[in-house]
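Each of the next two complexes has subunit A plus one more chain, namely subunit B in the first and subunit C in the second.
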Partner chain A sequence: MAWVNAIIQGVLTGGLYALFACGLSLMFGVMKVVNLAHGDLAVVAGYIAIGVITVTHIPVLWSFLIVVPVMAALGYVLQRTIIQGALDRGVLTTLMVTFGLSVVIENGLLQFFSANSRGIGVGLSLITASFSIGSQIQIAYLLVLIFAVAVLVLLGLQFFLSKSKFGRLIRASADDPEATQLAGADYRHVFGIAAALAFATVALGGIAYGMYSQLSPTTGTDTILLFAFAAVVIGGLGSLWGTLLGGVVLGVAQQIGAQINISDEVLAGYIVFLAVLVLRPQGLIGRRAQS
Partner chain B sequence: MSTIAQTVAPYAADFRVTRSRRSVVWTGAGALLVVVVLAYFPYIVHSGTTAILVQAFIVLTLASMWNLLAGYAGLVSVGQQAFVGLGGYFVLILGLHGLSPFAALPISAIGCGVAALPLWWLVSRLRSGYFAIATWVMAATVMLIIEKFSSIGGGTGMPLPGLAGYGPTLLAADTYWAGLAVTVLALLGIYLLLRGRLGLVLTAIRDDEVAARSSGARIGLARLLVFVVAGVGCGAAGAVLAISQLQVQPSAVFSINWTAEMAFATIIGGLGTIEGPIIGTIVYMVLQQTLQSYNAWYLIILGLVAITVALFARRGLWGLVDDRLNVRLFPVGYYLRPQVAGRSSDGKDA
Partner chain C sequence: MTAPAVEGNGSRANGASPLLEISDLAVHHGQLRALDSISLQVFAGEVYAIIGANGAGKSTLLRTIAGLHHPSTGSVRFDGADVTGLRPEQRARQGIVMVPEGRRLFGSLSVEENLKVGATYARQGPWTIDRVYEMFGWMRERRSQRTAQLSGGEQQAVAIGRALVANPRVLLLDELSLGLAPVVVQRIYGMMPQILSTGITVLLVEQDVSQALRVASHIQCLLEGRTTLQGRPTDVTAEQVERAYFGLASSASGGQPAEGSDA
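Right after this comes the complex of A and B.
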């Protein structure tokens, strides 16, 4: 029964990892930018949420109404300035610049908010409440909620990118920015919007993690960036549903690892990641022939 | 159609191919003098000063290796702390088996080179951005595995054995010389590497990967070699780090800050030149020493400077110097020098 419980918990945390991963996947898919500051920005979002809740006393769950637009705006501005500037100079520059951002943000948080970890959501019944199946399986409402949000975000992104007019513009700009420009669309603006979308999901991921666990300045890279990346690779590069599958596989692997030995949780996830990298480098449902 | 050789042949007598516009002998002599003076330092300066210089040697070695990876082979690795940590741990393991840390240092460095082979096999499956994060996961995984062995200190680490017999002065001096030797060998090794055939391939990759590939350059092999060399270099630096700190602690030796420091020093100094990391290390040490009482500020400022340089002065501080003076301390390219007066020479150093 303990194993069934581990698998259920794993599947549900997988939703959280998919939420981390879809922004990373989107930025890479559209702009070919691997944003190494991805996780640190999620922590920033979580910290903003904590600040907003403390100052305005709005209900914890509604903090996203403020944090998501703020992060989306930050995403647009960062894309139009630093990230686009780096893109114009080549892939290596984007890596160096986003890595620089990551280190600056992490140490900035350390400097201003200390290394203490902090969580979101004191005193909200949803966060501690759970329902049980049988005697040993307890499922927290919060994890179910996060999973549902992740699925909704992925569905929304999928629909937006494949069906809407602007989604088509984003895909066109991803395929060939110059041609899109010639056809009359400003691809830099389109990239800005795509980054805003990605940062909105980053904000949701940061808030969700802050509710589920604790945020500290190093959470951004230790946990969020690396888990997001592992989920992307396990699922398959460039596939949104692969990202969800990757997140679920990573979550289950971690929970099973924790079941064997509590200190092996993270390692078990990475071992599955490395196994996928060796046996199926294109990911579980990715296409072959990645360049 | 005539080949390049046929086209150039009539002019062959007019030009001479050299490594540098100026004589290399003087830079060589200058470098030798600097090394000799540095080697004499433990006799004339305080051990506090040599400790700071050991730190500079570690950063310079790391930065030079990162420059080889990112500046030449186009591999942005953010997981080099894996090798820093492994270097430290190999010294610890050999020390537990009774070997002196100084004797263990070269063995550890080679061990890191060997460890680089399977790690390359894993991470080389991904390209550019995803390669970068894969190396990061690699470093995290290596640390998690090391922490599982309680006989080498588990998650808390342990002091380095085999240094009990040393007096403090002698230990400081020996550590300093070990650091100096590692740095000199690293720079010399990179210089010779870049002068050779591999250097030509790497320079071609640096300038245009697609063109290099279509010219038949064996890019995969060149990258593997660079990854192994960088593993050896970072491992040696990690061994020096362990000796200078007298202990090995997983969260310290496997810290991402090592990669941040080597990357920032290289970017600020100038990617793709041997001189760049040297300049970058000087900038790094000055900032670190002036801001050391303000905790993490030196990394924040260093990061901001690195971002600015990466965006607005891509060839770094050395690039700015080079643009104006056109000098090379370590010439690895070629110049065409005119033999006949009146013929212009527009040779560019590669």
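Right after this comes the complex of A and C.
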């Protein structure tokens, strides 16, 4: 029964990891940008949520109504300014620029908010409540909610990219930016919108993690970015459903590791990550792009 | 006008102003001068062909007109307005639409999605996706296929269709025949009358000189970034074309563009 529990918990945590990963996957899939500041931006979103909740007394769950648009706008602006500037100089430059951004954000947060960790909505019944199946399986409502949000976000992204006019332009720009220009589309604007979408998912991931666990200035790089990377690589780049699968596999691996020995939780996840890299580098769903 | 330029100005110079006018254009790729003092005038309804050997600057010229390269000097005027400072997408929306060399289809999109992208910012006009399907009969039933599954000629047809649904006023065709079998090239150029009948003006770049001479109403030959010959295909001799193309004898000094000859 303990193993069943581990798998259920792993699958649900996988939803959180998929939420981290889909923005990273989208930015890479469309702009070929590996956003090393991805995790730090999630932490920023979490801190904004804490600030918004403190100042406006908005219910914790509804904070996303403010944080998501703010982060989406930030995504558009960052893409149109420093990330596009880096892209124009070559794909490798984006690595350095987003790494720099990551360092600046992390140290800015340390400077202004200290190294203390903080949670979102600490003590709320929503966050601590759970229900039981049998005697050994306890499932937190929050994890179920996060998993549901992750699935909805992925469904929404998938639908938008495959069915909408603008989604089509995003896929076209990912294939060949210059050719989309010849069709009258401003690919820089298209990239900006894609970044806004990615940052919106980052915002949800940051809030979710702040509620699920604790945020500190270093959480972004030492947890969120790494888990996002692992989920993307396990699932397969460019495939949104692969991202969910990657998150779930990572989550399950971690929980099974923890079941064997609590100190092996994180290690087990990375062992699976490495195994996939070696044995199936294209990821579990090795299909190209969203179709 | 210098010797090799043969200009038969009949129908071109009826006081009409050119639809597309390039004046004294120079384009550099870094230190390399790709184009030097190029001028040309394309009038509505013409098929204007740029010919020349590999590296003559033909594609650079077309890409500069489309806005993908920035000239170091000179100007591009379209329908009387200076468009030199406009970005490629702005020019496309005004009706300067290019079919790029190598087709450049969106590989992860289906045939129909490729056409839909082309139609996203389309001007008003006769061309629709349906009309493209009518022109290329096979395309409708294969519209949901990825373009990678198509043959080279079919891909070229989709690329032309993608440009047509934008309802261009000037269609820029860059090396249509590249990598295609002669019979396929014949078939694609066979579509030209249908395209012209809808009032589209064509400016094309072609390495295959005989093909260009067959379809063009006006040709201009480039050599190492300079104009070596221009005129109507009927007014130039095969020998003149050969000299202009390879830069032999008298044309090696570099013919001057026909500035002012149409005034």
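Worth pointing out:
Going forward, the second predicted complex is superposed on the first by the 285 of 291 C-alpha atoms of A that agree within 3 Å, B and C clash if a C-alpha of one lies under 4 Å from a C-alpha of the other, contacts with A are read in each partner's own complex, and residues count from 1 in each chain.
Operating definition for what follows: contacts are C-beta pairs under 8 Å (C-beta built on N, C-alpha and C of every residue); 3 or more make two chains touch, one makes a residue touch a chain.
Computed from a predicted model, the values in this text were never measured in an experiment.
By the touch criterion defined above, A:179 reaches subunit C but does not reach subunit B. In the superposed model, A:129 lies in contact with neither subunit B nor subunit C.
After overlaying the two complexes on the shared chain, residue contacts for A:1 are found with neither subunit B nor subunit C. Once chain A of one complex is fitted onto chain A of the other, the partner contacts of A:168 are limited to subunit C, with no touch recorded for subunit B.
Number of subunit A residues touched is higher for B, counting subunit B against subunit C. On subunit A, the patch touched by subunit B and the patch touched by subunit C overlap at residues 290-291. Taken together, the subunit C residues at the contact with subunit A in this complex read 66-68, 87-89, 92-93, 97-98, 100, 104-109, 113-114, 116-118, 120-122, 162-163, 166. Residues 70, 74, 76, 78, 122, 125-130, 132-134, 136-137, 140-141, 144-145, 148, 256-257, 260, 263-264, 267, 295-297, 299-300, 303-304, 306-307, 310-311, 314 of subunit B are the ones touching subunit A in the complex.
By the touch rule above, subunit A contacts subunit C in their complex via residues 165, 168-169, 171-172, 174-176, 178-187, 288-291. Within the complex formed with subunit B, the subunit A residues making contact are 28, 32-34, 36, 82, 85-86, 89, 91-97, 99-101, 103-104, 107-108, 110-111, 221-222, 225-226, 229-230, 232-233, 237, 263, 266-267, 270-271, 273-274, 277-278, 281, 290-291.
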